[in-house]
Structures are given as C-alpha cells and as structure tokens.
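Chain IDs A, B, C and D follow the sequence of writing; residue 1 opens each chain.
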Amino acid sequence: MKNQKRIRGYGIEIGEMTCGVRNSITDVKGVEVGHITLNENDIKTGVTAILPHQDNLFKEKLIAASYVINGFGKTIGTIQINELGTIETPIILTNTLSVGVGANALVKYMLEDNDDIGKTTGTVNPIVCECNDAYLNDIRGFHVNKEHILCAIANASPEFEEGAVGAGTGMSCYGLKGGIGTASRILKLDDREYTVGILVLSNFGRGKNLIIDGIKAGQKVEEIKKARDNSDDKGSIIMILATDIPMTSRQLKRISKRAGVGLSRTGSYMGHGSGEIVISFSTANRIKHYEKNAICNFKIFNENKIDDVFTAVAEVTEEAVLNSLICADTTIGRDGHVRYSLKNYIGEILK
Amino acid sequence: MKNQKRIRGYGIEIGEMTCGVRNSITDVKGVEVGHITLNENDIKTGVTAILPHQDNLFKEKLIAASYVINGFGKTIGTIQINELGTIETPIILTNTLSVGVGANALVKYMLEDNDDIGKTTGTVNPIVCECNDAYLNDIRGFHVNKEHILCAIANASPEFEEGAVGAGTGMSCYGLKGGIGTASRILKLDDREYTVGILVLSNFGRGKNLIIDGIKAGQKVEEIKKARDNSDDKGSIIMILATDIPMTSRQLKRISKRAGVGLSRTGSYMGHGSGEIVISFSTANRIKHYEKNAICNFKIFNENKIDDVFTAVAEVTEEAVLNSLICADTTIGRDGHVRYSLKNYIGEILK
Amino acid sequence: MKNQKRIRGYGIEIGEMTCGVRNSITDVKGVEVGHITLNENDIKTGVTAILPHQDNLFKEKLIAASYVINGFGKTIGTIQINELGTIETPIILTNTLSVGVGANALVKYMLEDNDDIGKTTGTVNPIVCECNDAYLNDIRGFHVNKEHILCAIANASPEFEEGAVGAGTGMSCYGLKGGIGTASRILKLDDREYTVGILVLSNFGRGKNLIIDGIKAGQKVEEIKKARDNSDDKGSIIMILATDIPMTSRQLKRISKRAGVGLSRTGSYMGHGSGEIVISFSTANRIKHYEKNAICNFKIFNENKIDDVFTAVAEVTEEAVLNSLICADTTIGRDGHVRYSLKNYIGEILK
Amino acid sequence: MKNQKRIRGYGIEIGEMTCGVRNSITDVKGVEVGHITLNENDIKTGVTAILPHQDNLFKEKLIAASYVINGFGKTIGTIQINELGTIETPIILTNTLSVGVGANALVKYMLEDNDDIGKTTGTVNPIVCECNDAYLNDIRGFHVNKEHILCAIANASPEFEEGAVGAGTGMSCYGLKGGIGTASRILKLDDREYTVGILVLSNFGRGKNLIIDGIKAGQKVEEIKKARDNSDDKGSIIMILATDIPMTSRQLKRISKRAGVGLSRTGSYMGHGSGEIVISFSTANRIKHYEKNAICNFKIFNENKIDDVFTAVAEVTEEAVLNSLICADTTIGRDGHVRYSLKNYIGEILK
C-alpha cells in the first residue's frame, strides 16, 4: 500500500492462496490502521492503532481471542479477552516502557464516548501491545505521551504505511530493520468470499536465521556483511489477526496458533527473550453491551472447514513479516546504533 | 429418586434456587444414566454411564467442555474436548485401573453403530473418568470387563439410584461411604425454563472436614466415633454437568469452574492426591459430523446472564455431594475395610 | 495489626492451623506493605504496594505464579509471570482505571535503581492489580498519580492497616465496606517453621451471600437492614500470596488455586463481573538477573507434603476477607453512596 | 541406526548443531526404545515403547511436561503430567483405537513390579499416545493386544529401527509412508555436554506441502507422480522429547512448544484433524515416590541459556520427521491402499 515496494514486488509469493485487494489487514471490512511516528535524533519510536470497526466498540464488542506463543512480554488486556472472548477497545501498539501511558490514554479515549463507564456500568479493558525498541530508541526517555496515542487512533485509515513507521519506527528484525507489515488472503465459504488479514509489529530473530520463502537469506546477509551476529534473540513480535468469518473465541484461538507456522518459516525459533503475542478478532458478530435477550442468534463457522483458514493464517504471517522487513528503511538510532534495510541485500539474496 | 431418602429428606436445603422435578441430571431432557454394580466379597466396584442424548452421538455431537480442578487423575478424552469443544460418546465412570478397559469397550460400542469410523471417516474419542476405590475394592483384580461397560450403557434411564451403586460402589468420601449423587436447578431465561443438572462420583475429603450446609459435621462425626481420621485426602471427584441452555464451550468451561464453589462448601481443600475433573455439556445445539454448510445458525446464551447459572452449578454440586453420602449404605470391603454411612450420624449432626 | 480489632477479636477462628506473629502477609520474612489513601469528598481511592523483599528485585527475582479464578479484570504483568515463573518488581494495587498510571510509575521507579534496563539489558515487567471502586469513588476523575504510587512503595513496612485504606479505600464487599485484609499460617517442615501469608483487596460478592465461619451472615444483615440487595456481583478480589517455602512456579500455581476454597466459604460464587486474580511468590530462592552458571542448586519443596499448604491457603484467604470487612469503617462516597461497616452488624450476627 | 540410510545419508543436514553419537533419542543416557511390528495382509500396525530410564520408574519418577499443539487426539495420561510435572511409566505409542488396550496392559505391567500400587499406595498414571493408521491398517480389527505391549517394552534397546516399524508400521506422512523417526543434538553447558533427543511417530501433512530443508519437495513429488493429493490433513504426530539437562516441568513445556518450529519447516500447517502432542522429560533429577524430606536439593537449569535448547528441539524435530519418511519402505495395506516411500523420489527432489 501507499506505493511501497513489498515482498511480492520482488517476485516472492508466499503460499498459494489469493490475496485481498490491498493485501492488508484492512481488506477485512471496517478495519482501519493509524500511525504516529516519533523520529528525531535518539528518538525512534511511535504508536500504531488498529480499529476493529467504525462504531462504538464498547457498546458493540467483537468476539476475540489471544494466544501467547512466548510470554516474555508486557501486553495488557489479555486476561479479560481470555475470560470473555471479546474486545471492546481499539488495539494500541507501542514500545515496551510506554504500555502504561498507552493504557491510560486509551481508557481516557474510551471514556469520552461512553459516559456510562465507571458510573452506571463497569469499567473498560484497554488492549496495549508492545515490543522493545531500545536498540535504536532512547526508550528510557519515555517519549510517547497521551496525545500520540489519540493521534494514532485519529490517523486510522484503510491505507497505511509499512516498515519503519508508527510503533515500528525503532524495531529490529533478524538483525535488520523491522517494523510494521501486513498481508491478507481470501477464502470462499458457501459461495461467499471471506478475508483473513494480519498486521505484525516485527522485532525478533537472529540475523543468521532469516529464511525468505525457503532461501537461507540470513546466512547470505552475513556473507555479504562479512560479519556474524551472535546476539541473542531478545525481540518480540505482535500479531493482530482479523477476519470476517463468524468464528467463536475458541476457533479464533485455534487459528491464532497457526501464526507460529508462518513465523517459523521466516526462521524464528521463538526465542526465550521474545514476547510473541497474537490477538485475533472476528468482525462478523457483534456482542451488545446492553443486550436484553438471554438467548441470541449467531452465525457460527463450521470447524470442519478450518484447514483453509489455518493455511491463510500461516501464509499472511510469513508474508507480513517479510513485508515489515522489505518496507523498512535503514535507520540510525540511539548512540549511533544502525539497522540496515533488507532492501540493501534482497538483490543479492535472490540471485 | 428410586425412593431413596435424600439430603432434602432430612430438611437440608442447599441454596435458594428451585430444583427440577427429579432433582437430578436427568431433568435435562434426553440425559439418561445407567449403572452396573459389582459387589461380592472383596469386589466393590462398578460402572456408571451417562448418555447425553438418545440419538447417534457420533453423528450429532454436543458442545462440551472439561475443567481440571486438581489433576491427580487418569480421566481420558479431555484433550479433544478442549480442542474441539464437543463430545461424541457417552461418558463412562469406573475405577482408576479400569480406564483402559472402559475406553476399549466404549470404542467398540461406538463402532457397532458407526461403520464409517476408522474406515471412511476418522476415529472416535472415548470419555472415561475414574476414581480410586482401592480402599474398599480389590482394584488390582481388574474385575470390570467389557460387558460391564455395555451393560451400564444399556441400563441407562431417567431414573437411577444414588450412593453405593455403579461406579460409586466402592468409593469413600469424607471418611464415610461415598459414591453417586445428583441434583438439578431450574432457571428462567426469556420466559422459558432451563435446567442445570449434575452427577457426581464422590471419593474425596478428610473425615474431619465435612461441612453440611455450614454445620461442621465432620468434627461431630469424629466426636461420635471418638476417633480422629488423620489420613490424607487421596480421593477424587468426577462431576458431570448437563444443561439445556445453549452455551459455547468457553461458557461451559466457565460454569464448570463453579463446581469448585460447591465442593469447597462441603469441606474440600481440593487435596493433592485428588483427581477433580468436571465435564460439562449442553444439549441445546447439535454439531453434525457431516455438516455441509460452512456457516451455520446457532442459538447462543447471553453471557451477561451467567451469574444465575454459576449459582445453580455451585448449588447442585454441593447438594449432589451430600446426596452421594446420605444415599450410600455402610460398606464392608476388601480386607475388612469399612466405610460407614452418613445415615448413621445425620440425626446426631442435625440436633 | 495497628491496634485494629480483627475477626479473631470477635471470637471467630478460621480453621485449625496456627497463625503467624502478626497474622499477616508480613510474617513472611522480608515482605512489606505500604498504603496511600485518597479520601476527600467524592475521592475514595488509593494505592497499596507489596514489596516481596528488601533488595534489588530486578537483579534478584523471586519465583512466582499467577492464577486467574475469574478473568473479568485488568491486572497487568501476568503473561510474563506465566512464561518465566518470576516477578521482578513490587506489586501495586489500585483502582481499575489507574492501572496505566500505576504501570508507568512502577516502571520509572524500577529504572531509577537499574540504569541497565532498556539500555544494556532488556525491559522490566511491572505488576499492577486492580479492583473497581466506582460505587464509592469518582473513578472517572483519575485521582491517582505517579507520586501516589511512589509514596505507597515508600510507606512499606511490616506493620500496616487493614480495611478502608490504600487501594481498599473505596472498595465494597458483600454489600458492605470492604478493602484490605491479611492473615497468615505457620507450618512445620523438616523441623523448621515456614509461613504462608496473604493480602487481599476485597471488592466482590452479593450482600445476601456473606458467610462467616458457616453462619449465613448476609441473610442476617438483610433482615436487620430490612432491605434486599439484588445487585449483581460486579466486583473483584486481588489475592497476593507469599511464602518462604521453596516452591516452584508450578507448585505456587497449585496453591494459588486453593484461594478459591477460602473465597467460596465466605459466600462467593466467583461472579461473572469479577476479576479474581491470585499472584503468589516464594521468598526462598532468588533468580539472579546476571546468573552465569548454566546449572544452579535449588532447594525445592517435596510436593507430597503440599496438602498442609493447601489448607493454609484456604484458611488465610477466608480469614483475610473477613478481616478486610471487619476492619473497614463505614464510608460515604461519590453521589452519597454508602457502604456500611460489618462492625455495625457483627454483634447481631454472632448472637 | 540399524544400518538404515537416513536423511543425512542423502546430504541433507538440518541446522548447525552437533548430533549425538547415534543421532537418536537414545543418546540421552538411559533412554531405550522397543518395537513390535504387526504386518500381514490388512494388518499394518504395531507398538513402540519408550523407556525413560532403566530402574523402577514408579518409585523414581522423572520430571516431565506435555504440550498439545493441536488436540484432535486421544493420548492418555496428560492430565496428571500437567498437574504434577512427572511421569511414572514407560510411554507407549500405538494406533488410535488401541489406546485402551495399551493403557490396560501398561497398568498391568506396572503392577507386576509394584505390589504397593492400589493396595498401600495410590494408583498409577499410564501414558499411551496414538496416531490413526486406518488408511493402511484394518484399525477396526483391534489387532493389538496386551502381549504386544509387553513385547514392545521387552524389546527396548538403545538401538532401534526407524520408518515403517512398531507403531509406525501403518502411518502416512505428507502423502508418503511415514512412521518412526529420531534425532539428537549436543549442547555444552558449564563445560559439560548435554543431549536433547526426540522420537516422532509421523502421520500427518498434505502431500503437496512437504518441505525438505527449504526445498518444496511435495510439489516435486506431485509433478513426478502427475497427481495431486487433495485430501485433508487428518493425521497426527506424536513427539517424545528427552534430555539430560536438569529442567523443571515449566521449562520442559517451553521447549516442547519449539517442536512446532521444526514441524512447520517440514511443511505442516498443524491441520484441524491432527493430534499433535509433545511429551518431554528430563533424566537429570529423580522424584522419589516415598521421599521423606520436605525440602530437597535439585540442580536446575538457568533459563537464560535456554535459546540453544530451543534451537536443538527445532532441529531434531525437523530431522526426525525427515528420518521417519526416508527410512520407511513403500507399504501396501488394507483394501490395496498404498503409501510410497520418499526413497522413490528423493533423488529427483535433490537434483
């Protein structure tokens, strides 16, 4: 999107399913994404907001699930997702030490549109996910504030940039510059088209391990650089899955697990120090906050058909990680730390 | 049922909700229970079968959940319940060392009615739960065989006995004779009546800890007996929850957790050596094995109303444990081991 | 402690195990608790901090576990506790909408003493737990700020108040005034004494359901008040368990589950709207952030002896809830909402 | 082993870590594996037994964990592994419908050596894992009996065959003949060598999806065969991980998750119909059934070093699946169903 050359632009086609129009999480109708980028001197950070639908999300919740691949992470909001199987706020991504600021801002944003919260009804469950951008960013400086969160939400749109933008501004992936990536796939069910989309915030992996569609790209990069990267895999990856297939929370958790398939194929070992979290939601059914009926009608997906959704999730995860790499520009951050763009090496890798 | 004097017959009314007609799991329409009792000399064991509905359960599965309160147990079949949220066989209860025999017999029972299993479609997931009746029963003798399992299934009926029958023949509870107990409650939702029922196989608890509706009955029993029971809590309890409320697997898991509330109120600490397992199912929606449609219509319960179901589960669990005790006759088993009936003490306790 | 008349002062002795010297979580050596109370006009809120030991907790982590009884809650930090089985910060309790502020302040507190965090080592996992005090407190006013968090930490001491103080200032429990409560028990293992302690922040339960040591106290309160409370159980309870028994994270999770036993005995049904979270830690082994050895020596508890710890946890939970009630003074809060003290009724209840 | 040409014999080296002497799970000292193969006419099935150590496993248990990647499976014994973190019997692998027979036989095997079980101490938790070999085997014929189980245990040895033997006799993998495979890796920790080994029973995957070290082998096989396989992924894979690193149950569960990385790299999407179960154990610490001390000394692995173990698990899983394929001979089974050996295609694939 936004005229960036993505991994398909280099002839790399992951899997065999059809992409959505934008090949983006925003191919799921109603989903929008906004960024705010903080990029000056030692400040390499930002915020990305995912809006699951365009109405009052607290009053009309969506069915959701979370899944922890590796839990060395500080994402907030998952206890309630696990219990109730719903989300009721936008999803905010930012740097690790700004999760508190993110939660505070998101709660205030929700209160503005809902004067019943904390007064005549209960409270609200903010969802804030994070990766640690400390290698490039002065994370101890706490540069993200409330206005940045609100701004990212306000910027939400079906079209958005990938790479070193928003929460991805300071992220590293496989020893290269990482950040925001997205992808989507289309499925036909009962003669109707449905979409599975993902947005990733990539910040994980050892340089030598990168695999691009089966090619040991990381080893090639090390040969080109004539340098080995022996650092640990201390990063993280946040994966937000969206679909318009009418799934239950249990079904969403099952498909969330398959994000690990895509990750593995890019070379990840799900490192010890990595917070690898999936949050998934379906836009198909809405759960009303003030529902009066005790028994409600829902459309529910026939689980015997789920294999194609599993394949879609694996494909979009793998492709979104590659998009996050190939769209990200070389970045020089805090204390002169540098992460080079995959663009510098892709020609050599694909030879 | 079956003219046994139950705990309500002694004036003990647990909670404040209304009971079903039979005050039994079989108040949930379609549910039936059958026993086979093995009771001679050192053999004090048996089998209890719960049939969730009366049609082909493999072809028309029910939504289900399992929940482990304490996992020192050998119940089989829960991995698939957790993944798929369904059950596709009757539920068999027997002694711990007979679980293999139970699984083998149940699989053969299912194959008789389904010649597609293991040939043109997949296999089948038998559910067999257990408690250890070794204190009264010669469990090393392996006295349960395939025919006993089939017999328990064939005996299934809406009316059944409680106490020292079926799988409960050799069980102990709070130092007294335990076994099979049941109870039910009625809820009104959208002007229709729904039922929550339970069947327990009780085999847990230290004598001194028994509480009957707030009364420290265990301490009274020890005073009467002039003996202290210092044995460990090595038993188990299996709890089968049934309802006709149209719940998802996640909702069923949530209500299953509340069985622990009822258990606690009878005096349990969920002992280390206890296998405390809940399996719950809803009869409201059927999941067809050969469903063709990718998107299906379901009725689903509005979770905002779930508190009454929680209360119902806590009440039926507490009452079913007490029924399992009060209906069980004094039993002399292997090596002269004795478990006395609560009936011997109830008069004194309630004075 | 602090000269408050606690539930034992009224002749109510929960269970049969021996209490610690203070009958408090701070009987576990090294544990300290501090409050800050915000109490003027519509502001009825505050902060409570639990310090697990007195050294640098980030550099010397403790083995820990978390357990969700019911997950309608916004506690943060549990993903990492679950993955790594350790805690590395104090534990902060406050109101629901202040969790973001709490996390932000706690991270800044940790950075002050650790200039490696976010620079030469990874980030830090703040633990902030919450209950919703909106009935008595103007929670939408966001009255808790960073300085309050730091102040609660600075106030930490082995002696602390219970009831309507700190995070408990605006909490309600069983339709009465709730808040902070604590209790402890002593066990003998291999001829040495060990301690199990708890601190609860109580904010749950329907009035009619309160049970005090088997007595249906809630029904008596309603008779005295000549009023029925038909409100939902929308509250929550946070339970912090501490011990000096050298337990693994898995063992700590097992004992955490038994908090539900104590809760149930006070009358709880673990309501739908309740965030019931246990966080437990052992002070016995320290996990060094910069440990060099690949294989380390640990003392580990023999799980065959765990039943006494289960009993201790059930007893302290039940007693701490009662202490939180009986120590709390009647409070008039936002919009004239009132919660009466259990002290007003206890005489009548115990007649 | 046993003079079979394994995947390394074709020049395929998975990963970069060093293999153990046998490149087998039996490189972990004390571990032994035995098969019994049932192969005549429509009977293509069998049993494989893994013995974790050579002493009385009930009296000296090992620390263990289980992890469910996808739970469409009937493995038994995992509830107790999850609760207690130990195993106390050998691990039996067989076909799905023989799990009951396997459990029954294994219990009887354990009772022979332990006359306290079910008499003066508790019962025993048998571990039996399964895959569905119905495509090649007359699974409805129940051809596995008690003696086969005992025979597989008796056959245990450090040297064993891979491919279409034992429980692997009738298994299919990626549309080819699957079965038993193994591999191992060596790590250096504190100047001592440790081993991570795996045994897999492979029975999963769609033909087109097979990947061999990054090469899309499945697509090549379909080109050679001039046939597309559109069948669902209905199989399963059992993965038994062994190590002599002194890990806790939580750590073992963490490494078990990384088996999914290796699986994904062979082309798996963790299909809906697949029971993908990992059981892992460490031979380093023994948990005595009759331990008297309340506090015991253990060596425990420093988790900061776990990344190399993750890599080892991913590598051995990937290699063991490939070994299970390349060692398996073409098999003609029930109703003339055929699964060809990968050996038929490997030359063409690697060109």
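Keep in mind that, in the parts below, a contact is a pair of C-beta atoms (placed from the backbone, for glycine too) under 8 Å apart; a residue touches a chain by one contact, two chains touch by 3 or more.
Only a predicted model underlies this, so the values are computations on that prediction, with no experimental measurement involved.
A.B. asks: Would you mind naming the chains that touch chain C and likewise touch chain D?
C.D. replies: Correct list: A, B.
A.B. asks: Using only Cα atoms to place each chain's centre, name the chain farthest from chain A.
C.D. replies: B
A.B. asks: When the centre of a chain is set as the mean of its C-alpha atoms, what distance in Å lies between chain A and chain D?
C.D. replies: A distance of 34 Å separates the two centres.
A.B. asks: Any chance you could list the residues of chain C touching two or more other chains?
C.D. replies: Answer for chain C, listing residues that touch two or more other chains: 70, 83-84, 254, 273, 303-304.
A.B. asks: Quick check on the complex: what are the chain B residues that touch chain C?
C.D. replies: Listed in rising order, the residues are 69-70, 211, 214-216, 232-233, 254, 257-258, 260-261, 264-265, 268-273, 303-304, 306-307, 310-311, 314.
A.B. asks: For a test of understanding, state which residues of chain D touch chain C in their complex under the given definition.
C.D. replies: Residues 83-85, 189-190, 246, 248-250, 254, 291, 293-305 of chain D touch chain C in their complex.
A.B. asks: Which residues of chain D touch chain B in the complex?
C.D. replies: 68, 70-80, 82-84, 96-97, 99-108, 111, 117-119, 122-123, 125-126, 132, 134, 139-140, 142, 234, 273, 275, 277
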